[in-house]
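In this document, chain identifiers A, B, C and D correspond to the written order of the chains, with residue numbering beginning at 1 in each.
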Amino acid sequence: MTRFVLHRLLLTIPALFGLFVLTFIMMRVLPNDPSAALAGENATPAQIAAVRKAYGFDEPLWKQFIIYVEQVAHGDLGNSIISNRPVLRDISDRLPATIELTFVSLAFAACVGIPLGTLAAVWYQSLFDHVMRILTVAGLAIASFWFAIILQMIFAMELDWLPLRGRFPEGLAPPLHITGLYLVDSLLTLRFDQFGNAFVHIILPAFTLSLAGLASIARFTRAGVLETMQKEFVHYAEAAGYQRRRIIWVYVLRNSVVGATTQIGLLFGGLISSAVAVESIFDWPGVGSYAVNAILTSDYKAVLAVTLVVGVIYAAVNILVDVVHAWLDPRVAETL
Amino acid sequence: MLILKKFLRDVPAVLGFCIILAMCLIAILTPLIVPDLDRVYDGDLTSRLLPPSADFWFGTDNLGRDVFARVIVGSRGALEVALSVVALAIGIGVPAGLYAGYTDDWGSQLVMRLTDVFLAVPQLILALSIAQLIGRGVNSAMVALALTYWPFFCRTVYGEVRRLRSALFIEAQRSLGASMPRILFVHILPNVASAVIVRATIGMGFTIMTTAVLGFLGVGATPPNPDWGLSVAEGRDYLPQSWWAVTFPGLGIFITVLGFNLFGDGLRDLVDPRLRRSR
Amino acid sequence: MRRRAFLIGTSAVVTMAMAGGRVALAIPGPDELIWAEDLPGTLDPHALSDVPMQSYMINVYDTLYVNRENPPKLEPWLATGHTISEDGTTVEFKLHDGVKFHDGSPLTSEDVVWSFQRMLNVKKGPAAAFLPVLDPSSVTAPDKTTVVFKLKKPYAPFVAATPLVAIVNRRQIEPNIKDNDWGQVWFASNAAGSGSYIADISTYQPVQQIDLKRNHDHFMGWSDNKSPIEIVRKRTIAETTTRVNALIKGDVDSTDSYLPVDQVERVLASKTATVSKDQSMRVMVLRMNNKKAPFDNLNFRLAMSHAFNYKGFIDSVLKGFAVRNPGPIPFNLWGAPKDLAAYDFNLDKAKEFLTKAKAEGAPVDREIEIHIQEHLAQTTQAAQILQQGCRKVGINLKIVPNLWPQLIASTAKSDTTPDMWVHWVSSYFIDPENWIGQMYDSQFQGTWKASAWYKNDKVDALLREARGLEDQGKRQSLYEEASRLVVVDAVDIWIYNAIELRGLSNRLRGFHFTPIGSGADFRSMSLAS
Amino acid sequence: MTEAAPRLEIRNLSVAVGTDEGEARILDRVSLKLMSGSIHGVVGESGCGKSTLMRAILGILPKRGRETEGNVLLDGRDLLTLPRSVFRTEIRGGQIGFIPQDPYQAFNPVFRVGTQLLETTRPKAGGNALNAKADIIALLKAVQLPDPEHALDRYPHQFSGGQRQRLLIAAALASSPAVVLADEPTTALDVTTQAQILKLLRGLAEARGLSMLFVTHDFGVVAQLCDTVTVMYAGQTVESGPVARVLAAPLHPYTKMLLACHPDRSAALSGIPGAVSSPLRPPSGCRFHPRCPSARAECREAIPRTSVHAGQQKVCCLLYEEVERI
C-alpha cells in the first residue's frame, strides 16, 4: 500500500510542476503589467517605473522564474499585489470553508444520488428510469449561479427558513479552531448550538453545489449497477438464494461504487469550479470567492496561487480517491 | 437500422435530439424570427424592465431591449461558440491523441505529460485564469476553453488507439508498408470516431455551460453581446422584481445543455456497450 | 446493531442542532452595527486611497483636518488650526495636546511627521496629491504640538488634502519594518491608529470582515453622542443582490453607497430598511483620448458629446438619482460655473458635426473602442447608451470590458490609452484641483485622471495660477474660466454628479453623509432598540 | 423396479422468450426425473438449453417477455406456481443448493469469502451468527479446504480455482438442501483439479445422500459421477435413462454422435457436422434432422414422441417410434 501511495505521488509531481510553469508563463508573457496596480491609484509614470524595478519585472523572464521557484520552495507564493499580504496565508485561512462546503455537498450528493442511480438501474428502461435520467441531466444543465439566486429568493427571503449568506451568524464566536471545519469542530467541542448554526448556514450553498454532483453520481451509479448486474457473481448470488435486496444494495452497489470512486476526483473538480460562483453569491468565505475577488482586482499573484493550490488539492483528492479505491477493491494495490 | 431502432426506443435521447434540432433551426432562422436587430442591441430607455407582454414576449431588460429577441439571437452565439471550442479542441486533441497513442517515442510522452498538466486543475479554474489573462471577450474565452478542453479528446483518442494499435488489421497494414499518417488517418481514425463524436456531443453541452459561467463571472462575452451567461449576470441586479431578464436566458442555457446531454448520453449508450460513463 | 446506533446518534445530533439552530436566525445584537460595505484591499491607509479605504480610515485613524457635513466643510481635527506663510510655501499646524493612540502612547507632532514621511516614501494612494510639492525631509516638528511643512511651491489645496493622510503609530509599526519597507507587509493586515474606533485585528479576514470597537478614550470625547455604538462589524458582501437581500432580511444594517436604483423601491417597500439619498461629489466621465484620431478633431468630439442620451440615462436608467453635470467640477462645489451650458442629446447635431469632422479628414469610420469597468454595471450601461446613439449617427463603437488596474496601467502612455473609457472622479479631497486641476493640466499626463491627453496652454496657465493662490475668490473665477474652455473644447463627455444611494436599516440613527467616506462615520451613529 | 417418488421431476417444461426478432422457444417440453439420493446428469452441447433449465428450476429466468409451461415438482410441490417471495425464502439457498460453472467469476471480488458464504444462511440462522459460522467451517472441512478456520476472512482472489469451487460447494450445502444443482462445476478447472472435485462430489453425495442434478457437456464426467442421465438437444430431451445403459447402448442418433465425439469413448474423434439450430427458427419436425445421419423424409415433418425401451431408457426419435409400433 505504501508503495502504491508513493507511486501515485511520483506520478503527480511532474504534472504539478508543469502546471506551475504553465501558470507562470501565462501570468508573465501576457500583456499584463502588474506594476501599475502595485503602484496604486494615483501613481505617476515614474512611480510605476520604480515599482517595476523594485519587483524585478524588468528582469529577463527566466530570471524572474528562478526567483519565483526559490520563493515557492520556501513555501512562499508571494504577496498579493493588492493587499500586500502573503497570498498563501489568505488562501489557507479560507481553505477550510471551501473544503467543508465541497465535502458536505459531496456527501449529500452521494447520499441521494447513489440510491437514485441504483433504482434507475434496477428498473432499467422503466418510467422511473427515464424520468430519473432526464432529471439528473437537468441537474447538470442548470446553471448553479442561476439556481443559487433562485434558492436564496425562496428559502431565505420568501419563506425565511434559512440564512441568506455567510458561514456563521454575525457576532457569534465561531467554533474553536481545531480543524477549521465548523461542523467538525463544534461536534468535537460538543457545542451543539454552534453545530446547528453552522449547519443551517451550509444547507443552501451545499445544496446548490451538490446538484450537479448528485446528477453525476446518480448517472454513474446507474451505469455501474447496470454493468455489475451483468456480472456472473450476481447471477450466482441470485441462484444461490441471496436476498434480492442484499444482492442489489450490498453486493452490486458496493462493486458499482468501488468502480465509481475513481469518478469522485473528477466530480470534486466540478464542485470546486462551481464553488467559484456559488461561494460568491452566498458570501461564503472560501477560496472561490477569494478567486473571484482576485480576478476582479487583477491580482495576478492571487490568481496564480489559487490555481496552484487548487491543483495541489485536486491532486491530493485524486490520490486519496485512488487509495480509497485500492482499499475498497483489494485487487487494485496488488496489481501494481 | 437496428441501431436506429434501438436509439428511437431511448425516449430521453430522442427528446435531446429534438431539442438540438430545434435549437439549430432557431439559430439558423434567427434572421426570420428576429428581423429587426435593433430590438437586440438598441433598446428604448423609456421601456426598460417591462414584464412579458404581447409586444415583448419575454419582457425587456435594463436597457429596454427585447429579451425574447436577445435570447433567440443568443442561441446562435452559444452554438457558434460551443462549436468553435469543440472543433478547436478536436483539432488539437485528436491528432495529438493519435500521435501519442500510436508512437512510443519521447514525443508521445511529452504529449501525455502535457495533458497531465492541463488536467491537473479543474477545467473551469484554468480556463478562468487563462481567459482573464489574455483579456476579456468571447474570443479569449473560446481560446481558453479550447486550450483546456483538448486534453479530454487527446486522452479519449489515446486510449482507443492504444487498444487498436495491436489489432490484427493494423498489424496487417503495417506489414504491407503503409505509412504512419496513412494508418492513423485512414485506418485508425474511423475506428475512434464514435468515441470522439460522443465526447464532442457531451462537450457541446458542457462548453455552453462553461461559457455561461465565464460570462457570468465577467471573463466571457462582452456587451452588447446577447450571450446568455452575460445576460444572467447583467440581469441579476434587478432581481427579484425583473425576474424575466434573468430567467429566460437561464432557460436558454438550461434547455440547450439539456438537449446535448440527453442526446450525448443516448449516443454513448449506443456506442459504448460497456456503459462506461464519465463526464 | 452498530448501524442502528449510528443512525440514532446522527438523528439526535441533527435534532439538537436544529433546536439550537433557531438561534442562528436571530437578528444582530442590540448594540452591534453590521456594516455591509466592502473592506479595503489592505488595511494600510498609506497604501490605498479609495472609497472603501476612506470609510475604514475615517473611523480607525485621525487626520489633521476632516470633512464633515454635506456640502462638506473642512474642520480642524487633530490640528487646532493652521497658518500659511505669505509666499504660500510654509504651512504650520498646531496640534491638540493629550491625544492618545489606541495602545495608550501619546500622539505628538513626531508621529505626524513620521506618518507624512511614511506616506511619501511608500508612494502609493494618497501620495500622488503631495509628491509634486512635498519632500519627506521638509516635514518637521519644532515642538511637541507643532508641525511645519515646507512646500516646493505654493499649493492651495494642501490643507484640503490633509484628510487623506492617516496619522499612524510609529511605535507599533517600527518594530515590524523589514527590508526598509516601512512596515508595509505587516501593516497590510494590522492597525495602529488613534481614531474613534479600534480595529480588532483578531477578527480580520482579508477582503471579508473586520470588527471595530469603540475607543472610549478618543481625544474628542463622546459628549456629542449619547448612545454611541460599541461594536461595528464591517462585512464585505460581494454580490449586490445578496447584499440588498441581507439588508431587507435584517441581517445587516447597511449596504454600500452604490445601491442599484432599481432596488430602491424594493428597499423602501420593506419594513426593515430605508434608503438615504445624498447629493455627492462624484462626476461620471466618458473619457476621450484627445491625442488619438479621430478624437483629435473637435467636431468629432462634439458629435460624440451630442450622441449621448443624457436625459434617458439619468431619468430612465438611474431613475433620476443623479444630476446632470455639464463640466468636470461637481456643480455643488465652488469653481463650477453656474451658467455652464450642457451638451444635449441631439442626433441631428451629432450627424452635422460628424459630417464636418469627416470633411476635415478625420477617420470617423474606424472602429472606436470604449473600455468599461466590467464589475461596475453602470459603466456598461453608459457605454451602451452611447453605443445606441453612435449606431444611429453611423459611428462604430465597440465595448471592451476591462478592469481598473489594467486601465490605469494603460493610461501611462497616450498610445496605450483606450479611445474612450468610463469612470468617475470621486472626492479624494474637496477642492477643484481634485477634478479639473488634475484632469486637464497637461503636467499630470500619464496618470489616469489626465487620460484625455488634453493640452491647452491657456487652460494649463489658468490651472497653475489657481493652484498657487490662497484666495478662494480669485481661484474660483480662474477655475470657472478653465471649465468653460474645456467644455467648449468638448474634451470629455461629462455626464452627471452622483446622488449616492445607501440602504440603511430602520434602527440606525445619526447617519450623516459627507462625500468623503460616503457617510460611513460611525462616531455619530446610534441604534434604536 | 418399483417407481419411488422422484425428488425433483420436470414435466413438459417449455420456456419461450420474446426477443426483438420474435419468440424464441428455448426449452420445448423438457421432462426429467431426479430420484432421491441419486445423481442425474444433463448432457448437451452449449446452447441446448441446459442453463435455461437450471434457471427455470431456480426461478430466476428474466422477467420480461417470458412464457413458461409445464411443471417443476420438488417433492411433489410445483415450483412454477410458487410466488416469487416463497421462491426467494424457501427454495433458492434453501431446498435447492446451487454450484455454479465458473468459480473464478462467481465470487464478488470485493467482499470477504465469509460474508458471501454466510449470505445463504442469513435468513434461516437468524441472529445466531456464531452457529452459522461454525457450521460453515465444519462444511469447509468436509469439502477438504485447507486452513478452513481462516478461510472466511480472506478475499476470493486469494484462493485457487479448485479451492474456490470447494468453497462454492460448501455454500451450496450450507442450507442442507433437498436437491443440489450443479452447473458444469468443473469445466473452468484444469484436469487434475477437475478429477479431485468430481471425487469430492461423489464422496459428499454418498456420505450425505445428496440428490444432485449435474449439468455438463462431457460424457466422461457423467460416466464417473452420475446414476442417470438426460441428453438434450436444442431445448428438447432426446434421450434419458440409467448411465450404464445410455453409455453402453445409446439409442438416439444424437447421443450416439455425442458419445463418438468423446476422446475417451472412441478412437476416432468425429465432430458433429453443422451447429445447434437457433431457437428462434427451429427446424420443422425433429429438430435434429438437419444434422442427423439417419434422417428420413418424415423426420422433416413429424414431431417425434417419446418411447420407452427396456422400461428405463426413453428416447424421442421417429426411428424408435416405428420400432415400437412394429
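As a working rule, a contact is a pair of C-beta atoms (placed from the backbone, for glycine too) under 8 Å apart; a residue touches a chain by one contact, two chains touch by 3 or more.
Only a predicted model underlies this, so the values are computations on that prediction, with no experimental measurement involved.
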Nearest-to-centre chain - CA centroid comparison: A
Most distant chain from chain A by Cα centroid: D
Pair of chains joined by more contacts [C-beta pairs], A-B or A-D: A-B
Whole-Å gap between the CA centroids of chain C and chain D: 89
Chain centre separation (chain A, chain D; CA means) in Å: 54
Chain centre separation in whole Å, for chain B relative to chain A (CA means): 23
Computed distance of Cα centres, chain D from chain B, in Å: 54
Of all residues in chain A, the ones touching two or more other chains: 32, 149, 153, 157, 292, 296, 298
Multi-chain contact sites of chain C, meaning residues that touch two or more partners: 239, 241, 375
Which pairs of chains touch, using the document's own definition: A-B, A-C, A-D, B-C
Complex interface listing, chain A residues touching chain B: 12, 14-16, 18-19, 22-23, 26-27, 30-32, 125, 130, 133-134, 137-138, 140-143, 145-146, 149, 153, 157, 216, 219-220, 223-224, 226-227, 263, 266, 269-270, 272-274, 276-277, 291-292, 295-296, 298, 300, 303-304, 306-307, 310-311, 314-315
Footprint of chain B on chain C - complex, ascending: 239-241, 260, 262-263, 265-266, 309, 312-313, 315-317, 372, 374-375, 377, 380-381, 383-385, 387-388, 391, 399-402
List of chain B residues in touch with chain A within their complex: 9, 11-12, 15-16, 113-114, 116-126, 128-130, 132-135, 205, 209, 212-213, 216-219, 229, 232, 236, 239-240, 246, 250, 253-255, 257-258, 261-262, 265, 274-279
Chain A to chain D touching residues, read off their complex: 231-233, 235-244, 246, 251, 254-255, 258, 328-331
Residue ranges of chain A touching chain C (in the complex, touch as defined): 32-37, 39-45, 47-48, 50, 79-80, 82-86, 90, 93-94, 149, 152-153, 156-157, 160, 163-165, 169-172, 187, 192-197, 199-201, 280-283, 285, 289-290, 292-293, 296-298
